[in-house]
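Chain IDs A, B, C and D follow the sequence of writing; residue 1 opens each chain.
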Amino acid sequence: MESFRCKGLSKSFDGVRAIADLDIEFPSSEITSIIGPNGAGKTTLINLLTGFVRPDVGRCFLGEHDITRLAPDRIARLGVARTFQDLKLILQVPVLDNMMLARPHQAGETLIGALLRIGVAKEEMRNRDEAIRLLRLVGLEEKATDLAGELSYGQQKLLTLACCLATEAQILLLDEPVAGVHPDMADKILDLMRTLRDEGKLILFIEHDISAVRRIADHVIVLDHGKVRAQGPPREVLERPEIMEAYLA
Amino acid sequence: MPEASVLEVKNLVSGYGKREVLKGVSINVASIEILAIIGHNGAGKTTLLKAIFGLIPIWEGELSLNGGTMRSPNPIEMLAHGVAYVPQGNRVFTELTVRENLEMGGVTLRSKASLTEGIERAVDMFPALKLKLHRTAGTLSGGEKQMLALSNALVLSPRLLLLDEPSLGLAPRLVSEALMRIKQISTDSRTAVLIVEQKVREVLKIADRVCVLRNGRVSFSGPSKDLVDETKLREVYL
Amino acid sequence: MVSQLLLNGLIAGSVYALVAVSFSLIYRTVRFFHFAHGGIYTAGAYLCFTFYSLLRFPLFLAVICAVLLTAVLGAGMDILIYRPMRARHVSSLVLLIVSLGLLIISQNIVSLVFGDATKTLRTFIAQAHDIGGARITSVQMIIIAVSAAVCALTWLLMQFSYFGRLMRAVANDRELSRAVGVRNDRVIMLVFALGSALAAGAAILVSFDTDMTPTIGFGALFMGVVAAIIGGIDSMPGAALGAVFVGLVQQLAAWKLPTEWQDAIVFVILIGFLVLRPQGLLGKRRIGAETI
Amino acid sequence: MELRRSDLDYLLHILILIGIYAILAMSLDLLVGHTGLLSVAHAAFYGLGAYSAALLSVHFGIPFVLSVILGMLTAILASLIFSLPSLRLHDDYFVIATFAFQMILFGIFNNWTGMTRGPFGIPGIPPPSILGLPIRSRIAFVFLVVVFAVLCFQIVSRISMSPFGRVLRGIREDETFTRALGKNTVRFKVLIFAVSAALAASAGCLYAQYLSFIAPTSFTVMESILVISMVVIGGAGSRWGPIVGAIVLVTLPEALRFVGLPNDVAANLRQIAYGGGLVTMMMFRPQGLIGKYGFGR
């Protein structure tokens, strides 16, 4: 499993420093949670790590590979998948199509493949089976043919997670995976995150619900005004005064 | 007859498109009281203010001002009833000058006289703005923007102020100063304040009562003294 | 010879300035390209022709009536078509397609009613004057003066009047203006009325110098859009500056290349700006690029 | 009712026009309906095909099939020159870039008198001949157009039904999400733009060889807007929508001819019908007559 880290990362938006000189090594095969008040720069950090926003200074590394300047889709193809704070899905097409869209290296996605269709049918079958296996894993199998827009909000959150898995990414960056979700669905999502970590995936998620963080995070990073205020195992970090200060000041 | 509360909300349900955010919220604000709304992101704090002010539709529930129920509130009606709203992060008209922002704050006032009088009063409260009336608001510092956003609302001398996270984007040392200012305004001009804040300990210092919102429902409501001690606060909030 | 080209550039530029200013006024407030503005421009010229040449109104009255009626047309388009679609939160792609449709409808109604033969308002003899070796008629001088004055007046209106402040507020932050109690839809309607009136003004001015055909709106619209983008769609002074720039480039190109290449050159420059500097000469924000 | 010779010819003429416009509408729908890219430069590529076919066959006697291929290649090259710089732009700005591109190409057709004889156009384009068989009769030409239209339909359907089409719909609905899933959306847009341009050019070759005379006036931006109307009214993003649109908007104005209106009035009414159809459809039935995609209603 390649290491995933950033060095000297900074980014400001018209004068306001959203991220200030961050050096973080995200522990692999662990669940790391990023907490901090509104406007602390959490989403900006994920945007920087996934290439959606260019840093002013500093670099991001996947193993020894410098991914700072790469386009977001290149980084995604290297195995770094993400979800968005405002839920993003193709609501007008069935659940299965969203999953199939996420499948990587499809011969059918080349122009020649689309026109000549050589081996595309077999590949579609393989991708369909894998997509259905993942939908079964997250418990959405019987919803495969429903339009994504017809799912409940919690189910849609589950689907975005499943789409990340469909890209075969080893690193998952989840932006508020359980925010605004019904408690039992939230438990389902948190358990799923735990199983994925046990399978060796690196999971990084932004969360506000401290009890959720306490339950599943192996490592916690407290971000405030673009700086790391504290980091370490949840038991130790969550009791520290800085975390209370950052949150409750 | 107990003092009619300025604002009475009974099991309000609202949200965006398919996502139900507020799942039956009931709060009320007395005439000169500061009620703080705290809670995690996504708990529905901003949605509550937008639903009250009429920026987003109310799915279910009732809302009444000074005893009179409002069927489907809209901003112009609420402003006429003396309710003013400052959106999240102290939004101001960045391309207009400070004076023009104040004039926009009073755009619903009938007479020119009441507008100039309202602006005078608002600017007296914030001397720092008096020197920068002709500057475009986009060039102001975070603290000055907060003052301007507040004074835009005060031009109407409202009876109820809805403030959405006035501390957002302010440097830590400016936060307590900004919240003290709000306390000052509430007492001086006898205005009720419904304030949504992330900086919990700071807002508790100025709030008379506090409500904790969790996943679209009020999970705690009472005088802010109750939450002053850490353990109760941690248990309720975290 | 060069002074003649510069003068011609200024004449063309001043007309494009009026169109560019009126186009950017509407764009800044509703944030989509209102192509039907070309049809509004044509309607303005033909309405003036109707009042003046057909109904024998005195010139001044004919111009006023034409400008006011065109303003009503523009506002009507907003109320009847754009406003309900805005309420449904349609994508700007849909609004673009609708405005293309409106452009074709308006242009063809004019051609249906008035026929395709050129019409003219040039009733009086335009004496030519000589300035530094270049020839300019009194009408052309009026065009430069009036369009400069109208552009300045519009800018003053925007900067210092009550209505101007409302328009800038809605353009700057539509949700905040709603929160302070502005009736956004009414302001937007008035913006369409003002923008359409300015377009009518530009069309009438031009038709004192050159004849009108039902397709003049299309050419003027496009030069106005190009000028607004090159100048900076977000700043009205920018739009006027862009217009003079386009006028000069067109004339200077005509000096080097056969005249028919005038328009093509301007479009090549436009694509250059779109790619290298979409925010234009004076604009601020990076527009057109992907924002997440 | 016994069909007189001229009635039959007129009917065949209409069928050929429907075939040519169906190809234009199907190829444009790859952009508008499937990828959510509005382009008003389609007539420019249509013209590029027509002019290359005309010049190659008139000056160099290139056989029909080869001139079609070369015409399509020219259009692909032109689309690459255009799309690489401007596909980064979005919505309004992309449309303006296509507007400018349409104007530039029209400028070339209309002004490069040395090459295109400018407004006088190019006469004397030989009829197509395939395997030595010259296609002169209208019936043969209808057959040729039908073959091209069916080929185009196949290409569009295969793209649309394939994973490639799935990514295009992803770009249409949420390009950011599609990129986050690892798809190089710019590459897909460049490719689909080239395919659309090539197919439009093939329609141009057919048009040139059919009329044996072409002039710039057939390739104006109004023509692009006409094809957009066909796609929108028929039903953007659906396999049969653009074809229905082409049939309706080719036959409807012909009906006006029977009402005995003077020519220019009929032309105006036809344009008003297109514009009117575009506006009413967008307001009340964005998914068109038989489509499903309602432009993110």
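Going forward, a contact is a pair of C-beta atoms (placed from the backbone, for glycine too) under 8 Å apart; a residue touches a chain by one contact, two chains touch by 3 or more.
None of the values given here were measured: they were computed from a predicted structure.
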**OP:** Select, from all pairs of chains, the pair with the highest number of C-beta pairs in contact.
**Re:** C-D
Original post:
Taking every chain's C-alpha mean, which one sits closest to the mean of all protein C-alpha atoms?
Top reply: C
**OP:** Go ahead and note the Å separation of the Cα centroids belonging to subunit A and subunit D.
**Re:** 42
Subject >> Centre-of-Cα separation between subunit D and subunit B, whole angstrom >> reply: 56
**OP:** Round to the nearest whole Å and give the separation of the Cα centres of subunit A and subunit B.
**Re:** 34
**OP:** Hunt down the residues of subunit C that sit against at least two other chains at once, touch-wise.
**Re:** 292
Original post:
Where in subunit B do residues touch two or more other chains at once?
Top reply: none
Original post:
What positions in subunit A touch 2 or more of the other chains?
Top reply: 52
Subject >> Touching residues on subunit D, where the partner in the complex is subunit A >> reply: 155, 158-159, 162-167, 169-170, 173-174, 176-185, 191, 195, 293
**OP:** Would you pull the subunit B residues touching subunit A in the complex into a rising list?
**Re:** 18-21, 40-42, 89, 142, 165, 168-169, 172, 175, 198-202, 215-216, 230, 233-234, 237-238
**OP:** Report the residues of subunit A in contact with subunit D in the complex, numbered from low to high.
**Re:** 50, 52, 71-74, 76-77, 81-82, 84, 88-93, 97, 100-102, 104, 106, 108-111, 113-115, 117, 120, 124, 163, 167
Original post:
What does subunit D use to touch subunit C in their complex?
Top reply: 36, 38, 40, 85-86, 88-97, 99-101, 103-104, 107-108, 110-111, 118, 175-176, 222, 225, 228-229, 232, 264-265, 268-269, 271-272, 274-279, 282-283, 286, 295-297
Subject >> Parts of subunit B lying in touch with subunit C, wherever the complex brings them together >> reply: 53, 55, 75-76, 79, 85, 87, 91-96, 100, 103-105, 107-108, 152
